[in-house]
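Have a look at these structures, which come just after this line.
Heads up, the next two complexes both have subunit A, just with different partners, subunit B and then subunit C.
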Partner chain A sequence: MLRRLLRHNETYLVLLIVALCAAIAVANPRFLSYENVSGFLKSCSMIGIMAVGALFVLILAGSPDVSFTAIAQVVEYAIAVATLRWGGNIYVALLAAAAMGVLLGLVNGVIIHSFRVPTIIVTIATFNIYFGMLYVITAGKLINVVHPMFRAFGNTLLFPQTSPIGGTYGFSLMSLVWLAAVVLGWFILRRTFLGRGVFAIGGNETAAERMGIDTRRTRLFVFGFVGLLSGVAAVVHLSIVQSVVPNIIVGKELEVIAAVVLGGASVFGGKGTLTGTVLGVLLFAILNNGLTLLNFSSYWYNVTIGVVITVAITNSAYQQLRHQRSRVHVKVEA
Partner chain B sequence: MRIPPFLRRPSANRTLAGILVAIVVLMSALNPQRFPTTGNFISMAYQLPIVAFLSIGMMVTMLSGGINLAIIATANFTGIVTVLVLRAVAGEAADQAGIGVALLAMGGGLAAALAIGAVMGWLIAYVEVPAILATLAMMTLLNGVNLVITKGYTLSGFPEFLLGIGNGTLWVIPIPFLILIAVVGLLAVLLNRTRTGLSLYLLGSNPIAAAYSNVPVRAVLVRDYVVSSAFAALTAFIMMGQLNSVKANYAESYLLVSVLACFLGGVDPFGGAGSLSGMVLAVVILQVVSTGVNLLRMDPFFIQAMWGFIILALIAATFLGGRLQERRRLRAARATQQGAERPSGDARATVE
Partner chain C sequence: MTEEFLRLERIHKSFVGVHALKGVDFALRRGEIHCLVGENGSGKSTLIKIISGVLQPDSGQITVEGQRVDHLASAATMARGIQVIYQDLSLFPNLTVAENIALSEVRERGGGIVDWRKVRAIARAAMDRIQVDIDLDAEVGELPIGLQQLVAICRALTSELKLLILDEPTASLPKHDIDNLFAVVRDLQTHGISVLFVSHKLGEVFAIAERITVLRDGEKVATLPPGELDDDKLVALMTGRTLTRRRFTFSDPGARKVLEVRGLSKRNNFEDVSFELRAGEIVGLTGLRGAGRTELALALFGISPAERGEIRVEGRPVRIGTVQEAVAAGIAYVPENRLVQGLVMKLSVAENVTAAILDRLLTRLGLVDPTRKAAAAVEWIKTLGVKVSDPAVPVQTLSGGNQQKVVLAKWLAASPKILVLDGPTVGVDVMAKSDIHDLVRGLAARGLAVLLITDEVSEAVSNANRILVMRAGRIRGEVATAGVKVEDVQRIVEARA
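For the complex of A and B:
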């Protein structure tokens, strides 16, 4: 049992997270309070939603998508402007954001499928196009006032509590949206033929094709799904910050990908779990939150993240190496 | 007329050279007062080496099938270490320091860069961490360290010698451009004429075959990342000279540009293929385009979007070109088969 657990990357992540939490909680007991935990679960919900999409692409292609933040940025701006002009309610906004995201994501899918080029190259291109055109069209203007429904949506709490100083806190609806995205992703990956196809193509595309998996449909689905999640993440972000700074989301893509990869997704494709992805996102959120609570200067944030990523990937590579050695013995004459 | 050998060998270079000529002509036609002037070409020769060194540093890792996302962070780290050494030795009078002190400081920076390269190479070769992860982690770590050291401030005040590396001229030729030529020549010898260079190509195209052919795969990989970091250090020295300052996050936008340059230069991101001559042509094209559109006073964000369109156009062109070549080959194959039994089924099904 223990040995089986030790083979999973997730086990090490859980251990790391528990150790970190314990250390931070000892230094500052407020860390484990309901107020703080619900707070950081809310703040990392956008990254968490995007990570689900990034996981799908990594499994399918073994090459990361870097354009999803640009998609979210474009959708966020468009939705903020559109709701200010035409009003509407949050459901319409969510639907419109999702639809727009799907459309922008499908552009990636179509290009990647028809020209057979690595995902990272195409998505670098579309990233530049989406982000560049957003600035050309909007001249980079900030939007300081957004439609009030986003505030209402973002501040919705489940199990609210009143703090002694008067504010209310609780489990945010935004975290629930994240949870919904994770469950949906899990269902598609693990319980549908489509999800099996994603793994199959990631493992060996030719074999998947021979098996009768429709690679075109699967690939288009994955990139459409990433777009959809980016659209939803955009609305979640808009509801949390209630303003639009047109370069606030872009630049987060490497952090999202790092979280997914920390969660054990293979950069060669065909491997990855949603549990791992959620743990990866949580690890970053806990680090970020913990450093703030411990009054570390924000300069140290990247250093800590860098050290943690290095340790985690080195460990997972080392485990894999040991696993391989214990199974096959190939002697290469030197 | 004899065609120079670097244009004769890979046919892709001829296409690149054609594109370059076309773009120069186009830019000159669009902006006859400002583009085709000696001053403009000299200023391009100053700017070219930075992008070129970063792209070449990226290329050498791509030849092994890897990538170096930490290249810009390494360059900034080199600059910062150089300044730290400079201040430790010369104290307040850092900008008055002589050549000896400057060289010592640069040696310190270079050593730091090489150590970073060795650590990444070790992680990739011996612990078998995928290159994209090892370098991503190093990038995050170095960006953090750079910020912690500089606290986000800009450090400046360098000795004459360092400024000369970035700004000086020999007759009329900018010194950074001369360094570029010398280094490209050296690297060409390293890649094409030494055991390490040839091993690198072999290792990139098939690591298992390389291991069975007695190539010290791991050692070559480590050397590869050390060389890549050396290019980051070179970039750092030239940037220091030109900007007279270092900062935690200079030149971050060049990361994607350097990947783009490799793609344009025909480097296979899965390793094993890519020529230095193609890379140099690609970098020159990028420089001419970016200077050209800058002189036309276009919106910089429109230029960013344009890079995206250029990549997509290139992807489409490569794909269609490949299709065309395939069809031609099939037709040739069918012609030689004439008289024998007709090829059965869809011709496309026979390829792949």
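For the complex of A and C:
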């Protein structure tokens, strides 16, 4: 049992998170309070939702999608403008955002499947197209006032408490959206043939084809799903910050990918879990908080992201190398 | 037992400009182990693809279990119980044993949701059928190749299996796993399952087949029981030529010693290895896989240097700690897995041939002289008879035998004194094998000392004048081949300490 646990990356992540939390809690006991934890979970919901999509792509292709932040940025802007002009309710806004995200994601999927180009190359291109077009059309204008429904949506609390100084706090609906994305992702990956197809293609595409898995459908699904999650993440973000700065989401893609890789997803494809992904997101967020709390420059956070990606990649490669070398071992008789 | 499972009549199949199958008749009995042999390009793969429904014949008739079949689509084939295990096994290295075995079958049964209990139950049942026990939760990529093969067989067993086609199943298997595989195949036979076994390792064909069908140039040459054939007859049927195989004899036992190895050791690799090579000699080095043969070769070539012991080249002690030092000492090494270690597959034949001698093809400015490079490439292509239309084509487009010649050319261009060949004929067909043997003898006749490392004792016996037998990291015997029987050497190889 213990040996099995120790083989899982997740075990180490949990230990690391517990250790970090304990250390911070010693310095500041309020860290583990209901108020702080729930606020903290709310703040990582956008990254968390996006990470689910990034995990799907890494399993499928072993090459990351980097365009999902641009998709979210475009969707956020478009939804903010459209709701100001035409009104509507939060359900329509979510649906429209999801639909728009799916469309933009499918563009990636179609190009990648039709021309067999590495995901990262295609998505660097579409990232620039989407983000560039956004600036061309909007001239980068900020939106300071958004439709009030986003404020209501973003401030919805489950199990609310009143703090002694008058404000309320509680488990945010935004965290619930994140949880829903994780559960949906888990269900698809673990319990459906569509999800097992994603793993199969990531492991051995030729064999997947021979088994009769529709690689085109699967690939389109994954990139459409990434788009959908980006659209939802955009609405969540809009509801939390209640304004639009048209370059605030882009740039977070590396943070998301690093979290997923830290969570154990292989940069060679075919491997990764949602538990690991959630833990990766949490660990990064705690680290970010902790560094700020301990008065480190926020650039140390960037350094951490870089180090994590480097270690994760070299570790995967090292494991493969060790696997090859383990062959060269002869039992020499005395 | 004589009931017929499959009959093909007058099957024709052409691809653009190539008549791959020219009116082939073929029949397979229920519960029969049938071997299909033929050289590369003889139409074996096309025939398999037609039987398994991947390709449609242009004309001809297919009958399965007495019923005429017009269009065997892939799914329909599986429904009829015909499964192919390709050489690459088509497994998912990132998934568990249970999922690899059962996913396809559970998926066939419909529904979009995976029932993991069913997956495990089906996998367990398949393993029970051939009495193997592999951890259901192990990741397939972590298993040794022999177990991976069993996983692939279990997967074939999850559906109603009537004919199992194994395409070159033993190419990458160690001896022990081959025996294991044969036991499983015979076990399938007792369940009434037919097995079509494609191979060009003749020894194995004779060991397992009840009937052998030989294809040559898209035509069926014969279907015979192994009792009516022997190695020479089978080779003659496959190639259309009679190969006269004379044993190699060493004409000059007093020739100068080119290589002397004394007490060479490397922890966990080999221990106290001593031998010598004379100019013009071919010395076989054989032993089971994992005996330390390849490790010894890697040490001689400086890839993973020895820790203790002495190496002398032409009487002078040399230190071999790197590949550069080995090359400078006059040692060349052609690795076993030429695809991985010997060639840059995407570069041209010419680039590969000259890769080791670029420093001798420089202009005065220190740049590579293209004219001299091209000339050197053409010369070696001619000397070794590499079949290639243009030295500029990528190596990966060549056949296995020709690729092996390119690796040879690459190292011979550096004019070495000692040539270490590790499994030079692994995975090449009969004719190319014979060509390579002739080539090696020709090189020895020119004064090169050759160390021929091989799995096949018969290859060592007929192509070397002495054989060193390695077992568990030590040299356990040395046999002069003159008048020696293959079985005698094999006994030393397999003996337990």
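The criterion applied here is as follows: the second predicted complex is superposed on the first by the 291 of 334 C-alpha atoms of A that agree within 3 Å, B and C clash if a C-alpha of one lies under 4 Å from a C-alpha of the other, contacts with A are read in each partner's own complex, and residues count from 1 in each chain.
Operating definition for what follows: contacts are C-beta pairs under 8 Å (C-beta built on N, C-alpha and C of every residue); 3 or more make two chains touch, one makes a residue touch a chain.
On a predicted model such as this, the values are computed, not experimentally measured, just so you know.
Applying the stated contact rule after C-alpha superposition, one finds that A:I248 touches neither subunit B nor subunit C. In the superposition on chain A, contact of A:G203 is made with subunit C only, not with subunit B. Partner contacting the larger number of subunit A residues, of subunit B and subunit C: B.
Once the two complexes are overlaid on the shared chain, A:M211 sits against subunit C while remaining clear of subunit B.
In the superposition on chain A, contact of A:L20 is made with neither subunit B nor subunit C. Looking at the shared chain after the overlay, A:L179 reaches neither subunit B nor subunit C. In the superposition on chain A, A:K271 contacts subunit C only, with no contact to subunit B.
In the superposition on chain A, A:T192 makes contact with subunit C only, while subunit B stays out of contact range. Across the two superposed structures, the residue set of subunit A contacted by subunit B and also by subunit C is 332. Note for the complex: subunit B touches subunit A at residues 123, 127-130, 132-134, 136-145, 147-148, 151-152, 211-212, 214, 256, 259-260, 263, 269, 299, 301-309, 311-312, 315-316, 318-319.
Here subunit C touches subunit A in the complex through residues 74-75, 86, 88, 90-95, 99, 103-104, 107, 112-114, 142, 267-271, 290-292, 294-295, 298, 304, 471-474, 497, going by the rule given at the top.
In the complex of the two chains, the subunit A residues touching subunit C come out as 190-196, 199-200, 202-204, 206-208, 210-212, 266, 269-271, 323, 328-333.
Against subunit B, in their complex, subunit A makes its touches with residues 64, 111, 114-118, 120-122, 124-136, 140, 254, 257-258, 261, 267-268, 299-307, 309-310, 313-314, 317-318, 320-321, 332, 334.
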